[in-house]
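Each structure below is given as structure tokens.
In the two complexes below, chain A is the common chain; its partner is chain B in one and chain C in the other.
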Partner chain A sequence: MRAAALWLVALVIFGVIASGCIGGEEAKTSSAEVQLTGDITKDLVEIGKVLEQNGVKEVKFSAWGSGDPNSVMRVYGIVEAARRINKIWADNGINVKIVVTETHYVASFQDAYKEYLSKQPLGQAGDFFVNSYAFLPTLADEGYILDITEYAKTYQSVVDDFYPSLIEASKYNGKLYGLPQDTEARPLYIRKDVAQRIGFDLSGLDEKVKNGEFTWSDVYYWAKKAKEEGAAEWGLIHRKGSAHPDLIQFIFAFGGKLYDPNTGKLVVDVPAVYKWLYVEWKFARDGLLPEDIMSWDWAKQIHPAVVEGRTLFDIGGTWYWTEWQTKQYYAKGGTPRGLKPEEVRDWFYYTLFPAGEKGDKPVTLSQPFVWMINSKAGQLNPKYDELKDVYHKLAFLMLIKASDPDINAIHSVISAHLPVRKEAAKLIKDEKWLNDLKALNLDLSDEVKSNIRDIVQATVNPINAQFLADVSYMLEYTHLAPAHPKYPALADIFKEAVDKVLRGEMTPEEAVNYIIQKVQADPELAQNVEIQGEIPKDWKFPQG
Partner chain B sequence: MTKGKLRDLSFFLSPMVLMVFLFYLVPLVMTIYISMTRMRNWNVDRYLTEFVGLYNYERLFHMFQHDPTFKAVVMTTLVFVGITLVINVFGGLALALATFFINERPASSYRLLWLLPRMSPIAVYSLVWYYFFHGSEIGTLNSILMSLGLISEPIPWGQVTPWGAWSVIIFVNGLVGVSFGMIVFTSALNQIPKELVIAARVDGASSWQISRRILIPMIKWHLLYVLTWQFLSLLTTYPHLFLLVQWDLVNRDYGTTLALYVFNTAFGMGEQDQGLAAAAAVILSIIGILGGFVTLKVLKFEKMMKKPRGDF
Partner chain C sequence: MRDVETRPRRYERLIILALLLASLPLILGFFLLVLSSFSTEMVTNLDPRSFHPTLENWINLFQGKIATTGGIRVNIWRITLNTLIVALGVAGVVTGISALAGYSLSRIDFRGRKTMMVLLLVLHAFPGVALIVGVYLLYRLTFPQNYEVVGLYSFAYVILARAALEIPMSIWLMKGFFDTIPWEFEWSGIIDGASRITVWRRIMLPLIKPGILAVALFAFLAGWQDIIYVRTFLVYPTLATFIEANIEAEYSHMPLIAAAGTFYLLPTIIFFITAQQLLLQGYSGGIKG
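Let's turn to the complex of A and B:
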């Protein structure tokens, strides 16, 4: 019995060794060197050939994204890119196929980031990751995403078609770590009906805002009038949650800054922060802005208050435009419903975020979403160690494909985000193309079409396209919060301070001191943040 | 102890010893080790060997001294653990005693009702209370009070600091925790010979007298167990608190306990600092060990561990 067992063990060991030797011949890797040339078809064919020669027939990738329901192209753009590349390979007789195994799409971009952060080291995170550029510095710093600087140099013409500020947002320490996927502006929405009731003439207002003639003191004046005359319950509604990026606009609007490029440190610009907190405090004390807005419910309070005309002003995002159409926030008639495109157009005026005071400039703030590549992209594919460079270059080319102007333009139209490429911006002004999109008469995979059909029906129309065209100019005024790993922590402290002044727990002076104290309480944050300037003496709001 | 007895003991105890070693001792040692590294953003490869000694403890100490919200975190931990503990232990005892004196069928239904919060998924359960205590007119409590004319303006319950926030988190967690004590005490009460209760009844004792003189003394050790267990459990609990704070129902400063602080530091936004979180977790563990030890000492736990005299 014991002898038989020994024989069996010996046989198994022999089998294992023998199979290793037999398989060894096939395991030999053909040349895995691919040089990118900037000609995407040529590069893809070259990569396809290398994969084919190495016996790879199927390349698996997964795409992780997040956002509102209308923004699903953030992951389906990758699916579509895979289809287009597969077609190129098929046309050139290359028997390799890309399969997107997973389109992981969640509502909260913060949750998606947390999931990525914890799973990337385990090798379980998506190969493609689209998320806010604000997280890019941390991911880059930890080596969790791929440095694509060298790859991108060969595709300079494509890179040059992106808006430069957005390319800058995709960089960290001078290196490129992703390609912009979308961006947005944060307009100041004004209810036309409420404005009319209080004699607030909106004609030519956007020009006055652009010139810095209409400032936050004017916003205060009209908000107060709307409230006092009973035209609206509130003068102003704004977003809640982390002060980044919506409320940070105040710092820029008051001529402040958040980052010092000379030292590479974040900045608490005391005069600008004080003025911001003063405005919030003043609005809340006068009952023009809910003092508990930071704990308001999005779907039950914030959006309904805006779409039902219970406020004169609202600080929102461009994506509100379609969100109001696809989500049932309006309940005035009894049954909640979405707004019709005509209603959104007729009810809302939109302009830049006004200057803080005369002499300052209007602003908007973008939080571009960036397509990033996992530094372990393609690791579940055959011969990853030998073909790592090829898989990474293929992943980069998938990003280039996913950034095709039409894919970017579709995403913009259906989600009311702004296009990140100039070519895409042209496309959304093309009426024929819009009609084709409405009919889904475009060269798209069936999977993508079926996933965006309902959204397309609800959102593609000339009114929405016109809105996007109208707000595109705002990108010229856009600011980006700094790409710094410690920035999210600072933004959280700002949020706490805003909440405290709104509720009247602290005066603006106390809140500024609170921010400084919080920064200095954390030695690591203190090392990365400079406190600049002092609380201005005798500063008055409103002015003029 | 004879060799044979030692062998038998080792045989029977080894699975548990192994479990304790793997799931308690190893994580504890790892936590202490991580607290002495620069570990962050789950980057094990990079930071696990970057030893920084007591740096994280120094940082934590500095924050304790200078962070204006840290005092709130410490106070919240003390108040939350203290009051919820009393509610959980004595609420559980009250429920067990109340159901002891009524018929089994309604008693079972009543107990089941109190178990519902424990059976509900945390997110669903927390969402119920989110809408109940919401500080605007959409909040159920506010809307009831307003329709009854008791208040004219909605009250931001969880944002009234500190007691509003504390009341909400204590209420929500107390409602979950009370069922644990109730089950243990009910089980213990059912082990008491019925003759004792019947005899007392015959002698004219009231339910209160029976409870005070017979039942409670006989479940003393169960009380001690629930008290210690719930103390340690409350010290480390955070899921409900996390959601209530995350959803802005309760004030962040006065809704965050040390356990939630550890969680947020390790898994929160932006930079996830596992080194700092581990240092805070070690301090939390020390508090737990000391607290547990004191509780057991004060309540003379060692008496329970003595061999029975054989006359009962």
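Let's turn to the complex of A and C:
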């Protein structure tokens, strides 16, 4: 018995020591150095020469992406970048080739993140990983993605062409860990036909929203009128779930905040949260917003209610514009079908998310996707230990190439996300370029052309491009949800509270107290969340 | 005297009806899944107007398209092959080990036999999830440095790890089958000069074929439907992980996922239809201690 116990103790000690050894191997210093200069052709040629001298003829990389089916340029951008670099090498007589061995793309970006987390330590994750900026701090903290701050300094002109707020979203602790890939805005859509039936004049409305003259009290007024006059079944339809930050916009629209940069903590801004929940409660109590919307089905209830004109207002994303065209949500004629671009244009007005009340500002909220490089990028290639720095710099240059304005613009047009570079924003306004894209008469690899052909056919047209150009200004009003590891847990509590006020199970005041209690009951959340302010006394909605 | 318990026939229909009602949610769920796979939209609300017949979902699935328009192509056959390798691997390992161990526990009175039998039951009580941290640690410790063999290693590891979860119960099942074979069969072989292993292989195994097939089937299904171990240890996708990664309520074309789900169910349905007698024997054989 004693011997058995000794064996057991020895086994445990061995396990502990062995686990400590995992991943503890020291990286050897690179023997081949390449200095980046900011001239991409020159840098690529230099890297190509070093690889050639070391006998490397083929460099293997893989790209992991996720998201809606129209956003596949998130991985094909890397494939195209490889082709462009291969061409530069071939033109300069360098006999090296990049091969993208895997384009791994799944629908759920949360699942993709979990998969990356579990496989990166084993060296089995993609060399390029595109995902929400919200995960960047955790990945950077774990050392799973490459710090590209120094590399990016030599390509400052390219970095400067990105919208600054998006570059900030790609940083953690002041260091740059990726390049923005796309972003979006979340407009308030208004059905023009319903508005016309109730005498709601939309001309110049976006200016009134920008100036804060048209607030959520006005949204309520018109929603109620639409319902009372029988012009629409609902006044407002919005998205559901905690991962979607659409509703979080209310906090910013009521002048609140979600994160305190001074303390690094999340914030429950009580006055703003109370006003948000009050608006939801009031809309639901007056029958303007379905009280069970948080459990509605996306494809059978939420989208059909909007595209069939059963609501006056809808809070959605810019990508709805093409989604309504490519998915069969409209079933009024019998057989479900997608909308025609002309129908989307003629039926929907769009504007910023209005200010909560007079004196507040309109907002939108973005959740940019960021191209990140695996800190083990290139490890499946020959002489990785000696050439690690070269492979990493090559991976960075691939990101620079994948961020070429035309690649970014193609992604924007076919997925209705907003461009992240100013040069790309110019391109989507260029009619000739759009026609070339429609005909796929662009300098793209055959693989990319073949895989985006039917998306291009379904989405590329002047109406969609004009929409993107029109909503680009919204980025000036954008807020970002906090990239804090505990934010998803807090967002879940917000979701529960919204559901309870919509269903009438709690008053807005009770729901705010519920949020506070839930936060304080979770030790980790309690440590990471500050409760600020108090429920305002005598606050009225709607306001006169 | 009858050798089985019987009850008056007048209650039979009532009992069948009650059982049918109790099973209805499950049957309905599977029925709607299959129906949705042949429809342009999900038939989830029992509204016949939701059903718009099409073969598009199945065509897209077999072409490896995860969306109705363009996008990424996946090789669904390769994914199916991965699933099959895991399932067959688990079935092979579990059957081999439990056939040997079941025989030993049934026929040989070695030291610690009873303790081992009790411990096997205890092991069976451990859920796979509870063991995963330790299993992961071992995975990391034995992970190959040579990346070229990682694929092979991950297949071998996931098969062994998943098989380990199935082996305790399978040994008990197999022991039950060996217990039903009279000693005389074995004695006659031994008297004729056959070794123990020859007796096991040439006399006993043919006699417990239904048991072997039942254990192999259970193990195959365990490997086929596993998601936690496959997701943690296998570097390639299987049908389970493919479906899981592509269920995104807002983006996914759910009828296509319904087709993938139905496709994933097919082996299970086929096995249960063709082998239900065998499985029943498996259960009845396994409970004899």
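Keep in mind that, in the parts below, the second predicted complex is superposed on the first by the 511 of 544 C-alpha atoms of A that agree within 3 Å, B and C clash if a C-alpha of one lies under 4 Å from a C-alpha of the other, contacts with A are read in each partner's own complex, and residues count from 1 in each chain.
One rule holds in what follows: a residue touches a chain if its C-beta (ideal position, glycine included) is under 8 Å from a C-beta of that chain, and two chains touch if they have at least 3 such contacts.
The structure presented is a predicted model; accordingly, all values stated were derived computationally and were not measured.
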Tell me the contact category for A:L380 with respect to chain B and chain C: first, second, both or neither. second
Between chain B and chain C, whom does A:Y514 touch in the aligned arrangement: first, second, both, or neither? first
Just to be sure I read the superposition right, which of the two partners does A:A489 touch: chain B = first, chain C = second, or both, or neither? first
Touching A:L288, do we find chain B (first), chain C (second), both, or neither? neither
Using the touch definition from the top, say if A:V159 reaches chain B (first), chain C (second), both or neither. neither
Considering only touches as defined above, state whether A:G143 meets chain B (first), chain C (second), both or neither. first
Tell me the contact category for A:S118 with respect to chain B and chain C: first, second, both or neither. both
In the superposed arrangement, which partner chain does A:K300 touch: chain B (first), chain C (second), both, or neither? both
Common interface residues of chain A - those touching chain B in one complex and chain C in the other: 118, 121, 297, 300
Given the complex, residues on chain B that touch chain A span 41-46, 59, 62-63, 65-70, 134-136, 138, 156, 158-159, 161, 248-249, 252, 267, 269-272
Over in the complex, which chain A residues touch chain B? Could you list them? 110, 113-114, 117-118, 120-121, 138, 142-144, 240, 242, 292, 294-297, 300-301, 485-489, 492, 496, 503, 505, 514, 517-518, 520-524
Contact set on chain A toward chain C in their complex: 15, 18-19, 22, 67-70, 72, 75, 103, 105-108, 111-112, 115, 118-119, 121-124, 241, 297-300, 326-328, 335-336, 379-380, 451-455, 458
Write out the stretch or stretches of chain C touching chain A in their complex. 40-42, 44-45, 50, 52, 66-73, 137, 140-141, 143, 147, 150, 231-232, 235, 244-254
